[in-house]
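Got some structures for you, see below.
Each of the two complexes below includes chain A, the first together with chain B, the second together with chain C.
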Partner chain A sequence: MGVIGQNELLFLLQGLKWTLLLSAIGFIGGGLFGLIIALARTSAHSALRKSAAGYISVFQGTPLLMQLFVVYYGIALLGVSIEAWVAVAIAFTLHASAFLGEIWRGGIQAIPKGQSEAANALGLHYVSRMKDVVLPQALKVSLPATVGFLVQLIKGTSLAAIVGFIELARAGQIVSNQTYRPLLVFGIVGAIYFVICWPLSLYGAQLEKRMAKAAR
Partner chain B sequence: MNYVLDFSVVFEKMPDLLVAALATIGLALAGMSLALVIGVIGVAARTSNIRPLRAAVIAFVEVVRNTPFLVQIFFIFFALPMMGIRLNPTVTAIIALAINGGAYAIEIIRGGVDSVHKGQVEAGLALGLHKAQVFRLIVLKPALRAIYPSLTSQFIMLTLTTSVCTSIAAYELTSVAQIIESDTFRSFEVYFTITLMYLAISWMMMGLFALISRHFFNYPMR
Partner chain C sequence: MPHAADTQSPLLSMEAVDKWYGAFHALKNINLTVRKGEKIVLCGPSGSGKSTLIRCINALEKIEKGTIMVEGTKLDDSGKSIDAVRREVGMVFQSFNLFPHMTILENCTLAPMRVRGTSKADAEKIARKYLERVRILDQADKFPAQLSGGQQQRVAIARALCMEPKAMLFDEPTSALDPEMVKEVLDTMIGLARDGMTMICVTHEMGFARQVADRVIFMASGEIIEEAPPETFFRNPSHPRTQAFLGEILAHH
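Moving on to the complex of A and B:
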């Protein structure tokens, strides 16, 4: 059995860097694209609403691992040669956009209709009605669920390991194969994920509690 | 280079894929049932008077919910043999799914139990019911109804998560697809096809859950 020394820990931290980077790209890219999905899902045009609903239900009805595989090999088919991490990042962005789109749709629809009617009566057009009136409130309402999804996304980036991308989980696999100490290595890897995800989960739960109190 | 899509190799293997899809459904059902058992036992322990027991359940839920399933399944896969337990990968996968799903089930069921008014429990006790009877008759059924939507969507998630069990070579749809892929090199075709199969499975389950809900919870709320 090998020892888990400085080199092994450094290798895991290298993996962690990619886990954080992939999560950040997925969350920001997915957030921007998800906003469009949420707006399409709540738009006045039924064709837009239906395509957004279809997009969401396909991504919520298939495993994240399959989304990774299909995007990864699909991009290769197009003849575009991009680096592996870009393909994986695109897959996480699409995945996150569907889930965030659905969460924010809920937020938008939770805002009383009178709000947008009043904005309309004041002569605000669609963009400022959304940007200044509806969305700030909607995003606030959806904040606990958004934080909850961020935790899901960080955990989800571990699946990039199955595609062969070296992030934290894959780095753990490699170190485990080299040192023959799977329990120790996966224990450390699990602990790293926990240290990142747990505070976020607590924050989300706290937000939820505060909002439930405010609603009473 | 012009790549020509060719699904014929995938269609040739369709019988294998369909059997594997059934295995996926079986894996999911086994995982769900055990997760539900863990959920109910966990909530009973979570609300018990024994403080270490409560703390243990809380720790279990938080650890499982804040670490990736992939890491959990690897950990269990290597931990069981060290404890002298040798199981095939598919059984190991069921255990991992049950543990993961169980933690979520505990959280969801606890939310449902909390939603039952305390006065109802006191009324049940005042009527001379046993603690166990109160739990079963007064707490569990209304709670089940309250948690049904989140519990069933968690079940769908669990079904989709079974695909990760390919990482320990459990027998299910994704691992069979990976074997076909390495035989045929038709990666996109294979994964695209089984993605549609997963979609069909989860839509079927959603339909079934909606049907069950209409049958069992069709009495008025109050």
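Moving on to the complex of A and C:
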């Protein structure tokens, strides 16, 4: 059995760097695109509403693993060669945008109709009505669910290993294969995930409690 | 040739307006003319279409038939006509509908800045003027939830006034208030009426109607049943449905 030394730990941290980066890309890309999905889903135009609903069903109804495969090999089939991390970033953005879009759709629809009526009566247009009145309130009520999804996303990045991407979980697998100490290595890997995800979960629960109090 | 009586030309008119919600005929052949400075009180049993009527004036509801003109603008489906009308007509809702995530001051400055392109400094000056007028300036930096219902409704009036509208619509402005707060809101509205604002108020406050209205309109089942100056309306209602309605609500006062 090998020793888990500085080099091995450093290798794991390299993996962690990619895990965090992928999560950030997925969350930011998914957030921007998800906002568009949420707005389309709540739009007055039925074609937009239906397309957004279809998009959400497809990405919520299929495994993330499969989405990664389709994007990774699909883009290659088109004859475009891209790096693994780009393909993975695209897949995570698509995946996250469907989930965040649906979460925020719920938030938008939870805002009382009187708010947009008041905005309308004051002559505010769609952009201001959304940006100034509806979205700040909708995103606030959606915050606990959004944090919850971020936790899912961070853990979900481990699936990127399947297309050969060396993030934290894959790094752990490699170290484990070299050292023959799977229990210790995956124990460390699991602890790292936990240290990142647990505070986020706590934060989400706290937000929810605070909001429940404010709503009383 | 226009003459002096032009000042009497209508600020707002509805001609042969019909509205349906699916199969439900919500407004039936509504004809209404409101001159500049006039105060109209709309009353009637619930479901009679009075709220629907005023919500059609600023296009919160769409009409199926007829014409609505506001300040010479004919309301149609175009965003342009709707914008033009909403710029000139303010509205106060039963449930206040203040923006809860903004301070009182921000509630008042948002529309002037976004719709009229007023600078922040000017918008705040206007907001302070109207908050002062509804006697709530000292609360300017608070959030709506920190205010009482009566105070919130006065802010809602100030918010609408900040757009400097030519007419104001009130949709049961005191119905959601605790009894002790009704007076402060009515007093604010009476002050507004004294200053010459054109007002259409859906309300059951008959004291307010007596004191302020130029005309009281009674609606039932989507129709205007009776229309008269308050003295005549209260003392001598001609239609049996009006008599029955007045009997009902005056018995409680």
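The definition used in the following text is that the second predicted complex is superposed on the first by the 216 of 216 C-alpha atoms of A that agree within 3 Å, B and C clash if a C-alpha of one lies under 4 Å from a C-alpha of the other, contacts with A are read in each partner's own complex, and residues count from 1 in each chain.
Just so it is clear, a contact is a pair of C-beta atoms (placed from the backbone, for glycine too) under 8 Å apart; a residue touches a chain by one contact, two chains touch by 3 or more.
Note that the coordinates shown come from a computational prediction; the quantities given were computed from them, not determined experimentally.
Engineer: Looking at the superposed three-chain arrangement on chain A, would you call chain B and chain C a clash or a fit?
Structural biologist: fit
Engineer: Quick one: is A:L124 in contact with chain B, with chain C, with both, or with neither? Answer first, second, both or neither.
Structural biologist: Only chain C is touched by A:L124; chain B is not.
Engineer: Let me test your reading of the model: by the given contact rule, A:S43 touches which partner, first (chain B), second (chain C), both or neither?
Structural biologist: It touches nothing on chain B or chain C.
Engineer: In the overlay, answer first, second, both or neither for which of chain B and chain C A:Q206 touches.
Structural biologist: A:Q206: touches no partner chain.
Engineer: Go through the superposed model and pick first if A:N177 touches only chain B, second if only chain C, both, or neither.
Structural biologist: A:N177: touches no partner chain.
Engineer: As a test of reading the superposition: which chain, chain B or chain C, is in touch with more residues of chain A?
Structural biologist: The partner that reaches more residues of chain A in the superposed model: B.
Engineer: Which holds for A:Q14: it touches chain B only (first), chain C only (second), both, or neither?
Structural biologist: neither
Engineer: A:G114 in the overlay: touching chain B, chain C, both, or neither? Say first, second, both or neither.
Structural biologist: The second partner, chain C, only.
Engineer: Output check: A:Y193 vs chain B and chain C. Expected answer is one of first, second, both, neither. What do you get?
Structural biologist: Only chain B; A:Y193 stays clear of chain C.
Engineer: Would you please give the vertex angle at the Cα centre of chain A, with arms pointing to the Cα centres of chain B and chain C, as a multiple of 10°?
Structural biologist: It works out to roughly 110 degrees.
Engineer: Just the number, please: smallest Cα separation between chain B and chain C in the overlaid arrangement, in Å.
Structural biologist: Here the least C-alpha separation of chain B and chain C stands at 28 Å.
Engineer: Which residues form the common part of the chain A surface touched by chain B and by chain C?
Structural biologist: In the superposed arrangement, which is not itself an observed complex, chain A uses no residue for both chain B and chain C.
Engineer: Report the residues of chain B in contact with chain A in the complex, numbered from low to high.
Structural biologist: Of all residues in chain B, those touching chain A are 1-3, 5, 62-63, 65-72, 74-75, 78-79, 82, 156, 160-164, 166-167, 174, 187-188, 191-192, 194-195, 198-199, 202-203, 206.
Engineer: Report the residues of chain A in contact with chain B in the complex, numbered from low to high.
Structural biologist: 58, 61-67, 69-70, 73-74, 76-77, 79, 151, 155-156, 158-159, 161-162, 169, 172-173, 176, 182-183, 186-187, 189-190, 193-194, 197-198, 201
Engineer: Under the touch definition given earlier, write down the residues of chain C that touch chain A in their complex.
Structural biologist: Residues of chain C touching chain A: 58-60, 83, 86-87, 89-91, 93, 95, 97-101, 110-111, 114-115, 156, 159-160, 163.
Engineer: Report the residues of chain A in contact with chain C in the complex, numbered from low to high.
Structural biologist: Interface residues on chain A, with respect to chain C: 112, 114-115, 117-125, 128, 132-133, 136-137, 140.
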